[in-house]
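Before I ask anything, let me first share the structure, which is written out below as structure tokens.
Letters A, B, C, D and E name the chains as they come in the text, with residue numbers starting at 1 for each one.
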Amino acid sequence: MTTRSLADDMTDRIERAALPDLSQPRRMILCQRNGQITPVEDLHAISDLLMEPDVFIWVDMQNPEETDIQLLREEFLFHPLTIEDATRHHERPKLDAYEHYYFLVFYAIGYDPEHARLVTQALNLFVGSNYIVSIHAGTMAVLDQTLARWQHNEQQFNHGGGGILYELLDAMVDDYFPVIDELAERIETIEEQIFARFSENVVRDIFALKRELLHVRRIVAPQRDLLNILIRRDVPIFERTSVIYLQDIYDHIVRITDSIDTYRELLSSALDAFLSVQSNQLNQIVKVLTITSIILMSAALIAGIYGMNFAYMPELQWRFGYVWALALMIVTGSGLLIFFRSRKWL
Amino acid sequence: MTTRSLADDMTDRIERAALPDLSQPRRMILCQRNGQITPVEDLHAISDLLMEPDVFIWVDMQNPEETDIQLLREEFLFHPLTIEDATRHHERPKLDAYEHYYFLVFYAIGYDPEHARLVTQALNLFVGSNYIVSIHAGTMAVLDQTLARWQHNEQQFNHGGGGILYELLDAMVDDYFPVIDELAERIETIEEQIFARFSENVVRDIFALKRELLHVRRIVAPQRDLLNILIRRDVPIFERTSVIYLQDIYDHIVRITDSIDTYRELLSSALDAFLSVQSNQLNQIVKVLTITSIILMSAALIAGIYGMNFAYMPELQWRFGYVWALALMIVTGSGLLIFFRSRKWL
Amino acid sequence: MTTRSLADDMTDRIERAALPDLSQPRRMILCQRNGQITPVEDLHAISDLLMEPDVFIWVDMQNPEETDIQLLREEFLFHPLTIEDATRHHERPKLDAYEHYYFLVFYAIGYDPEHARLVTQALNLFVGSNYIVSIHAGTMAVLDQTLARWQHNEQQFNHGGGGILYELLDAMVDDYFPVIDELAERIETIEEQIFARFSENVVRDIFALKRELLHVRRIVAPQRDLLNILIRRDVPIFERTSVIYLQDIYDHIVRITDSIDTYRELLSSALDAFLSVQSNQLNQIVKVLTITSIILMSAALIAGIYGMNFAYMPELQWRFGYVWALALMIVTGSGLLIFFRSRKWL
Amino acid sequence: MTTRSLADDMTDRIERAALPDLSQPRRMILCQRNGQITPVEDLHAISDLLMEPDVFIWVDMQNPEETDIQLLREEFLFHPLTIEDATRHHERPKLDAYEHYYFLVFYAIGYDPEHARLVTQALNLFVGSNYIVSIHAGTMAVLDQTLARWQHNEQQFNHGGGGILYELLDAMVDDYFPVIDELAERIETIEEQIFARFSENVVRDIFALKRELLHVRRIVAPQRDLLNILIRRDVPIFERTSVIYLQDIYDHIVRITDSIDTYRELLSSALDAFLSVQSNQLNQIVKVLTITSIILMSAALIAGIYGMNFAYMPELQWRFGYVWALALMIVTGSGLLIFFRSRKWL
Amino acid sequence: MTTRSLADDMTDRIERAALPDLSQPRRMILCQRNGQITPVEDLHAISDLLMEPDVFIWVDMQNPEETDIQLLREEFLFHPLTIEDATRHHERPKLDAYEHYYFLVFYAIGYDPEHARLVTQALNLFVGSNYIVSIHAGTMAVLDQTLARWQHNEQQFNHGGGGILYELLDAMVDDYFPVIDELAERIETIEEQIFARFSENVVRDIFALKRELLHVRRIVAPQRDLLNILIRRDVPIFERTSVIYLQDIYDHIVRITDSIDTYRELLSSALDAFLSVQSNQLNQIVKVLTITSIILMSAALIAGIYGMNFAYMPELQWRFGYVWALALMIVTGSGLLIFFRSRKWL
């Protein structure tokens, strides 16, 4: 495994902006025994605690440091590759199954109204039958809330690791809906603007929105597949009952990807409709140009004719010549107008 | 499971408008024993009745309240997640298989001519071997009719839960056809308008129709998959004979999705054709502009030449100079006309 | 099963026009025994005949009436759903496998040169090991021919029901080729027209052709899948040897769907090419407009200058002023022409 | 099986032109025994020869006649359907597996530089464990070369039927590469032309190339699937070692289909880019038109103003009036030029 | 197997430019025994060494010559087809499984900033349980580095052939990221340019980028499938532990193909947006043309009218006629401006 400067791709650029990289590292180890949740201070006690029956341990690490990584390696005996993945940024959603635990990367998606853009944050999870390890860069509201709810025993969380995993993923996926709503609202705004006055911003917005939909899809679609694997596969780590709950999250994600795909199709149609409307506007403008310039040129031609310097031009000497010329212009112009109107050009 | 404000997505917006949210809650429990259908008053009797042989119970709930939910939980012992799904709005079609029952969400689609838009309404169904529970928000014509037909024994419904499920789904899917007809008719109208005079409304209509087709497809396609699962899977709850009937509904839905996909392709072609026709119109207009302005400018140039003030311009003194100039204009104009016509520009 | 007014979709509209709805109902029951084919008059004898060894019965019904349906129900014991399907119009191709027979809906496609449109006609078939029942609305040339060939023993038909099914389907699929040829020819005509003079009809034709290709595809593609099922599935009703023959028909249908898909892609390319050619024409026209109007306006400007009424304009008194002005116009015009030609605008 | 005039589809039209239909029928039967290859004269000896061990027979038929067909039927006992397929033109690539032999239709593709179009030629092959029958219309260079190489023992062909099949298919697929190269070169030419001066030929070329790519794909893609079946399926006719060689051909064909798909995508992009460049050219032309006509019209207006016949126009009497007017025109024109340049219109 | 001039397709053209074909052939054979790595001089010793336990041999060949090929044939007993593939250029990524070894073709991708284009280089690998043979044309930095790291024992490479394969592929795939970054950066530049001033280069860039994305995809996608096969298949050559490492590379490649697909969609959207912006620019230009020419023509008409030579034109004798005329022009022009502004044309 070589050290490397990782790809600076789209996900990263968006994500990086949102990561409060300066926030302090933090570690919290909680142990649930006999319905009692207490912090664990002695790090070397973890591997022993995990052997005891009816014990559940939650380790949460924010901006993990070298000692944290050592803990993962020595107390939990995780595979070096997963530890590397968990402590590095910028992975796509993934699920690795090992003999005694799952390694999951799941994404929180939020909408940053200040910069009007999507913000994604990875949550790395190691889930065993009687422990969960959550690793993340920067503070993560959804995790802190779930942790607090568990800690204060507000709600009887069921089924050990599977139950907590469900609560966490459910909370994260719930947070997707406002984002999807935000996108839906922007699509609606775009649709309204299409048939109103043109502004180049509509194209910009369509393009930006497509970009964000692609971005969300790139995160949500692999998470759907990942949950599908979790549900289908025979998992010795979770009880069967947890699977029904995971199915529920799966249904939510399917619904979100459905929405995203529908929105993408709508945006494509919107752009097509927009081009068509633009093309029609051009038609209208050229029609106006054509009709007015023909009328004006006809009148100018008449004026030009009576501006010729021929010695013998009978109308010139005529008393009503001037009026005649003006009348001729008006009659010609009106005639053309009527003609174009009769051909439905106006 | 956190309480949450659910995503306000496309389905919802359309659906919400149609839901008569103010309608009264209603509950009806009917028990069929020995060919006799009687209402059940004592709620706690249900679980006992279900144990008896040759009994079939239909529970219909409109706008369920807390006591209804309690009934589902305590008498039928349904899984909390399905109860939550069934009493909330806005889910996509789904099928959850439990050991003793199926939970289904199926959609009725109607066309609201007043607001010229599609209206969808979810029907939540719990189907067991000797009971069916139907839950819905607002009154639902298709359900009431089927319930009435069953209740008045008009027609011998066969095969218990499977038979009633077939009757219900068949009636719902039958209601899709007029909607599809309505859409087909609108596509036909659009096709006629494309080659007629332009109106921006055609683009609007194409766009709106695409939207509705996407909407219907989003509901119908998962229902097709769902029926496919019902047919393929070995179902201990229904007799094998019911499956043949479900196959019949499946065929209808396949035909509807086929139609929808064909219509979508037709609409895309229509938009392309429309752009092409528009582009041709522009060509025609610009041609007219070009030809007329060239003719008028040529004539104006002649007039301009004879309007010059040179001391020595022989034609000016000529007796027929004026006629000569006019004749020159007419000849030039006619010549250009003939030239353009010979090049097939007119 | 409710009575209903069935969806009036595309297939139907096209089909209905072609159905000779006024033709008489007709029933023909033929029994082959010991190589002898005789008509059967006694309807109740059918179920007995079917029990005998080495007997093959062909029942053909045109516009079936109530007594025919009774026959299907009582003598053949077909499932009520299939009887309903068989006696109703407008189903898509289908294949239902029952224990002792297959129910098939297959389509004949023809080209009606008078109305320049496709005509489809459904043939409903019940195929058992020793009988075939064909049901159709209106006369059906391909069926009558096959029936006649069988009846007059012109040709030794092999393998009982499977053999006759092969002969029927083969004859029907053979009739597809002239239709495909007709479409191919029209595509060729379109391709030639694209690069010739524009006519709005090309767009119309492309659109109409796309419509018809979609229509044929909608019928042929499910028939391909249906044949694939017949070939793959282990069929106790046909002998293994029949399957090789069905494979042959399958190959024909695959080839037809291949052609249809190629034609669809060609049509899309054609429309794109057409738009491009149109766009080029616009460029040409605007170029001509630009160049001529610039030349004419330059000459008119010169004329305008010498039409000014200043007291001191030396050229005006000059003997060759007039010639000078005209020469100036010609030189300017020629100069512009050369300039534009040098920039490859002409 | 009815006699019929087969569909006149795209493949056929291209192929027919290339078929030297007037060439003589020819039959060649070679028998390899103990490394010795000798012609077989007695037709009825074939079925006996095939029974002997260590004998391999190659029968090549060009434009087969009735006696040839009889040979296939009586000595080789091939299925009537395959004989019909093999002696008729215009089938797509196919592979039929029978108990003791394979029937294959494979296509040679060549480029006819004279008519600048693709030429395809079908080779029908019956391959058994100790014989190969090749049937084709017209002479076929690639077959004659392989036959000659085998006949003169230049090279030790391995593995009986499988080995010869490999040599034949390999030689045919090798001939595809120059065709693909030819197409690639034409795409490159097109790409260069897109950004050069427009010529309607680019669109024509793109369209023609798309057509040919579709045509090649239609032949190559089924051949890929067909080889895949040959490789995957457990084939008692070939030794296992042959399969490795077939895999090699399969890899070549996959590469060719990959190239074709890439080229198709490139052509689509090319057309899009072309439309965009065209659209830009129109923009440029209209810009030039706009700017020049505005400048010329401004100057003409000034001339028009000083051409008015008012009795009191002070400038007219001014000594430098004429110069003033001309200067005004030049200043206005220059001003407009500077203005448009400052707005980046030039 | 005929000698042939291989297809000159896209891959080749790009690759060829980058291959330092003149570089010297080179062969290096290293043997690891008891943690000691020593060069092997005696070629015939290889097959004996391979029999010994705990020996690992790495053979690296650059621009292999006849003696190298003989070595592959006689010491390693590789299949002739793979030897041919390995010593020829221009194959696509491939994986052939033989009984005792794998043959792999994997590609290094680099970005040549000098010529601003992608450079690909094939690495052919034979991987057995205790040996690896690497064959390549020209020097290959990534291989030399890995070889050096192994040779100098910098890092304990694990798991024999599987371990070295992982190190090699990992290093090669790591090198893809800067290339993807480069492409991402260029897409970003394009996006910025779309909404800025037009330059034909944007279309060129989009087209070139699409080409390169297609090119990278054509190499990366088969490598993804290839790794998937390596992971899924039961491989007796590698230990199970290696598979987890291959999974890691697989994840990287999936991420890269994801990025490529996203970029391709973005480019398509970009081109659409670009066309829309272009179309809007045309609208703007035509609007300016229309409005200015109408204003100028109106003023010119007024001047033309007062330039007529009628004997009786009251204004001409008027003292303020000239001013009146000019005022009329200004008022008309301003009126038109106000009118167009009121209709939102400006």
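Assume a residue touches a chain if its C-beta (ideal position, glycine included) is under 8 Å from a C-beta of that chain, and two chains touch if they have at least 3 such contacts.
Predicted model only: the values in this text are computed from it and were never measured.
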item: Set of chains whose contacts include both subunit E and subunit A; value: none
item: Separation of subunit C from subunit E, taking each centre as the mean of its C-alpha atoms, in whole Å; value: 42
item: Separation of subunit A from subunit B, taking each centre as the mean of its C-alpha atoms, in whole Å; value: 26
item: Residues of subunit D touching at least two other chains; value: 275, 279, 282, 286, 289, 293, 297, 300, 304, 307-309, 313
item: Cyclic chain order - from subunit B, heading first toward subunit C; value: B, C, D, E, A
item: Contact footprint of subunit D on subunit E as seen in their complex; value: 1-2, 4-10, 79, 81, 85, 91-92, 94, 96, 197-198, 200, 203-204, 206-207, 210-211, 214-215, 218, 271, 274-275, 278-279, 281-282, 285-286, 288-289, 292-293, 296-297, 299-300, 303-304, 306-309, 313, 315-322, 325-326, 329
item: Residues of subunit C touching subunit D in the complex; value: 170-171, 174, 177-178, 180-181, 184, 191, 194-195, 244-245, 247-248, 251, 254-256, 258-259, 262, 265-266, 269-270, 272-273, 275-277, 279-280, 282-283, 286-287, 289-290, 293-294, 297-298, 300-301, 304-305, 307-314, 344-345
